[in-house]
Amino acid sequence: MPEYIENKEIIAQRIARFFKTGDVVNLGIGLPTLVGNYIPKEVTVILQSENGLIGLGPEPAPGGEDKDLTNAGGKAVTILPGGCFFDSATSFGIIRGGHVDYTVLGVLEVDQEGNLANYKIPGKMVPGMGGAMDLVAGSRHVIAATTHFEKSGASKLKRRCSLPLTAAHEVDYVVTDLGFFVVSGHSFILKEVFAPWTAEWIIAHTEADVELAEDILLWEPA
Amino acid sequence: MPEYIENKEIIAQRIARFFKTGDVVNLGIGLPTLVGNYIPKEVTVILQSENGLIGLGPEPAPGGEDKDLTNAGGKAVTILPGGCFFDSATSFGIIRGGHVDYTVLGVLEVDQEGNLANYKIPGKMVPGMGGAMDLVAGSRHVIAATTHFEKSGASKLKRRCSLPLTAAHEVDYVVTDLGFFVVSGHSFILKEVFAPWTAEWIIAHTEADVELAEDILLWEPA
Amino acid sequence: MIAKPVISAREAAALIQPGSVVHIGGFLGCGSPDAIIAALCEAHIGELTIVCNDTAIYDPKTGRTTGLAPLILNHLVRKVITSHIGTNAETQKLMSSGEIEVELVPQGTLAERIRAAGFGLGGILTPTGAGTEVEQGKHVFEVNSRKYLLELPLPGDVAIIKAKKGDRAGNLVYAKTARNFNPIMAPACSLVIAEVEELVEIGTIDPDHVHTPSIFVDYLVTA
Amino acid sequence: MIAKPVISAREAAALIQPGSVVHIGGFLGCGSPDAIIAALCEAHIGELTIVCNDTAIYDPKTGRTTGLAPLILNHLVRKVITSHIGTNAETQKLMSSGEIEVELVPQGTLAERIRAAGFGLGGILTPTGAGTEVEQGKHVFEVNSRKYLLELPLPGDVAIIKAKKGDRAGNLVYAKTARNFNPIMAPACSLVIAEVEELVEIGTIDPDHVHTPSIFVDYLVTA
């Protein structure tokens, strides 16, 4: 095996392949935002931003920023033709009501029961949950996007989260820089191994229980 | 005493004197609608219509009807400059949230505990409550507008309503064609007697318990 | 943005199964999807449960109807969940004869129950109806010494709604009091068919003026 | 329609009592009533409980702030009820030192609690937070075999909100994502002060485009 070097782009690249035309997708701040760069040209997804818009467009050209048009990270953005704006109650009505097909968000920990922790480390960092708890509880499909390892080298895929949960039993899929996992409720099922890694190496380097899917694939990113 | 002849105009005329400039008022279908004709020129009230507008204006001139602009009775209306439209959830948010200062509505029965019945007569007539239950529960002040007597001659001011209630303990004021009453919770307090009637005659012709206000007035309608 | 199929009222009716729970926008006929209602009558789609503010207007003397009243007159309705049936004498007649079941819901509660269904709430607490027959069989809570009833969500299989203007993506703009229940019904139903008076190109409606976001609309009917 | 008083930001600040519960619109500073916030700092109105989506942005390196961050930096806040404090390091510092109490609320729950306060609901049931620390101390209900938390209304003494355009009656129109929490805060508070970029005459805003009806607004500030 080569030496592990964290690779966020591969995570974004793989997640972008989940979507079909017409899907409503919320991309969280940070790593998930990269997913937007890899959505195939032939697929038209509708990006929702929880601060109150659907039809999120690309960054504005320098000088084209509008102080009244930002994403949930406070960054200047644009809106595509056919997009629209709404207030926060409506925005979270859309989210909680199951009208967002996929939410993609980063994690501090994710476990094999589908629990996810990403909003605080007690005594250390308490940014708050923002919209994450609603997004994870309300979206049809929840994709956790994360590098496979913490800086310490520990795996982020846990048997049981130790940090305060963002939501219980809501995660459907986990995509790391090693592979794509489905959460079964009692284990992570490895569906795709990303070259050059192997299933054995991934299992050996993951704290949680990993099972191999019957139709496991090897994916060679472009 | 003269012979009693039902007089809806006097009820409307008296109720119109309740309001001060800026009050938000909902006038029910039927008798309460007449109140709008008597609001003094120097007082500007804001009429709300529960089907989704504030700033209700007068009837349109013949031929000026707009199929998309009606009141809660389905009649063509107009909107005043500065009025606005909203959906039914917002309309009843306004109502339930205490943002309507006065609701004026007709009754089948009203009792001295402030109970009001106006939405069905079991086995006979079941139109439904429409917005009345929300209006009575949510408005800051509830004014029951009613002729003093049923067609049968029985008083509509009861000790205890016998019909299914629209709301319990919510009525603040009752204006009939004989006088103006405040609901104390255990009796009707007669605050104004409308000429040519007398307090004694009203008490004798009312089923409910009526007490005289200390500052009882005689009102001579214009 | 993705363009939604623009279909005829007849095609819309064909998408609706007999026995469905159908939310129908409009207030005494103002803001009703009249073309789709007519097509439902023509296709004789029956056994419907309809969720609506009222059963619209039917005047037995003149035969005049508004809004969804023809569904009642054509015996297509098994149950109505509504706030008011007083302007359609036929509804009360069919209720008395046992053909139609009527569930009366206070108008504001109806609006919140529909909104709750669309917006993922498990219910709401309302003071409306406390101390009345509406309270029967419901959980009662005291919050800040006021009584509230727990009212549950009211989802539907299909919403047929009416807008003044829609773009091809399904963004809708309503006119005046024809807005009423239309915007809250769209999120509450699995299949949403919007009848629009004017169909415009994507990008021509100001995104600050949209009343119903495109993602709630599956099909467009021009009428 | 009745014209509302147009006052200065300084006069607005003088209407707000120390110790008030103040709802403040904006999302990381986008759509915040910045002139009123500045005036509150200048008048040093303190001991506030603020209800807000986030405590906006403060960058200790550059000193740059957005939205309501200056209220935190000026030690005017005793308690914050909010969904996010991660972009204002000072909030977390003052929380750790015990000067500020922080109640973290999921963003959608925050929105519904504010809406419930303004719209007369005794509470709402949300699935958000079930099985997390947010569940602690709350009533849990099962509806259709899903767990929901009962969340209570969150009213305020004062709302300071920001709109793109307002007419003299107080009808407000927001621009783009600067809308966010502003429209739901107005109904929830006893006193509502709206900062508008553009003040126009009554009758010039299309009544179908109004986001906040005039009856919710008590004072207007131009900025």
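The letters A, B, C and D name the chains in turn, as written, and every chain counts its residues from 1.
As a convention for this text, a residue touches a chain if its C-beta (ideal position, glycine included) is under 8 Å from a C-beta of that chain, and two chains touch if they have at least 3 such contacts.
Labels paired with UniProt names: A, B = Acetyl-CoA:acetoacetyl-CoA transferase, beta subunit; C, D = Acetyl-CoA:acetoacetyl-CoA transferase, alpha subunit.
These figures come from a predicted structure and were not determined experimentally.
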- Message: Going by average Cα coordinates, which chain is farthest removed from subunit D?
- Response: B
- Quick one: report the Å distance separating subunit B from subunit D, using the average Cα coordinate of each chain. 36
- Quick one: subunit A and subunit B, Cα centre-to-centre, how many Å? 56
- Query: Where the centres are mean C-alpha positions, what is the separation of subunit B from subunit C, in Å?
  - Reply: 29
- Task: Enumerate the residues of subunit A that touch no fewer than two other chains.
- Result: 53, 79, 85-86, 92-93, 95-96, 138
- Query: Which residues of subunit C are in contact with two or more other chains?
  - Reply: 112, 115, 120-121, 126-127, 174-176, 179, 207-208
- Query: Which of line, ring, star, complete and other names the graph you get from chains that touch?
  - Reply: other
- Query: Which two-chain combinations qualify as touching?
  - Reply: A-C, A-D, B-C, B-D, C-D
- Query: Can you name the residues of subunit C that touch subunit A in the complex?
  - Reply: 1-2, 115, 118-121, 167, 169, 171, 187, 202-203, 205, 207-208, 210, 213-216
- Query: Across the complex, what residues on subunit A touch subunit C?
  - Reply: 21-22, 24, 44, 46, 53-55, 79-86, 90, 92-99, 138
- Contact residues on subunit C for subunit D in the complex? 112, 116, 120-127, 141, 143-144, 146, 148, 150, 152-153, 173-176, 179, 207-209
- Note on the structure: In the complex, subunit B touches subunit C at residues 49-53, 66-74, 79, 85-89, 91-93, 95-96, 115, 125-134, 137-138, 164-169
- Message: Which stretch or stretches of subunit C touch subunit B in the complex?
- Response: 27-31, 53-54, 57, 66, 82-87, 92, 95, 102, 104, 106-112, 114-115, 126-134, 164, 174-184, 211
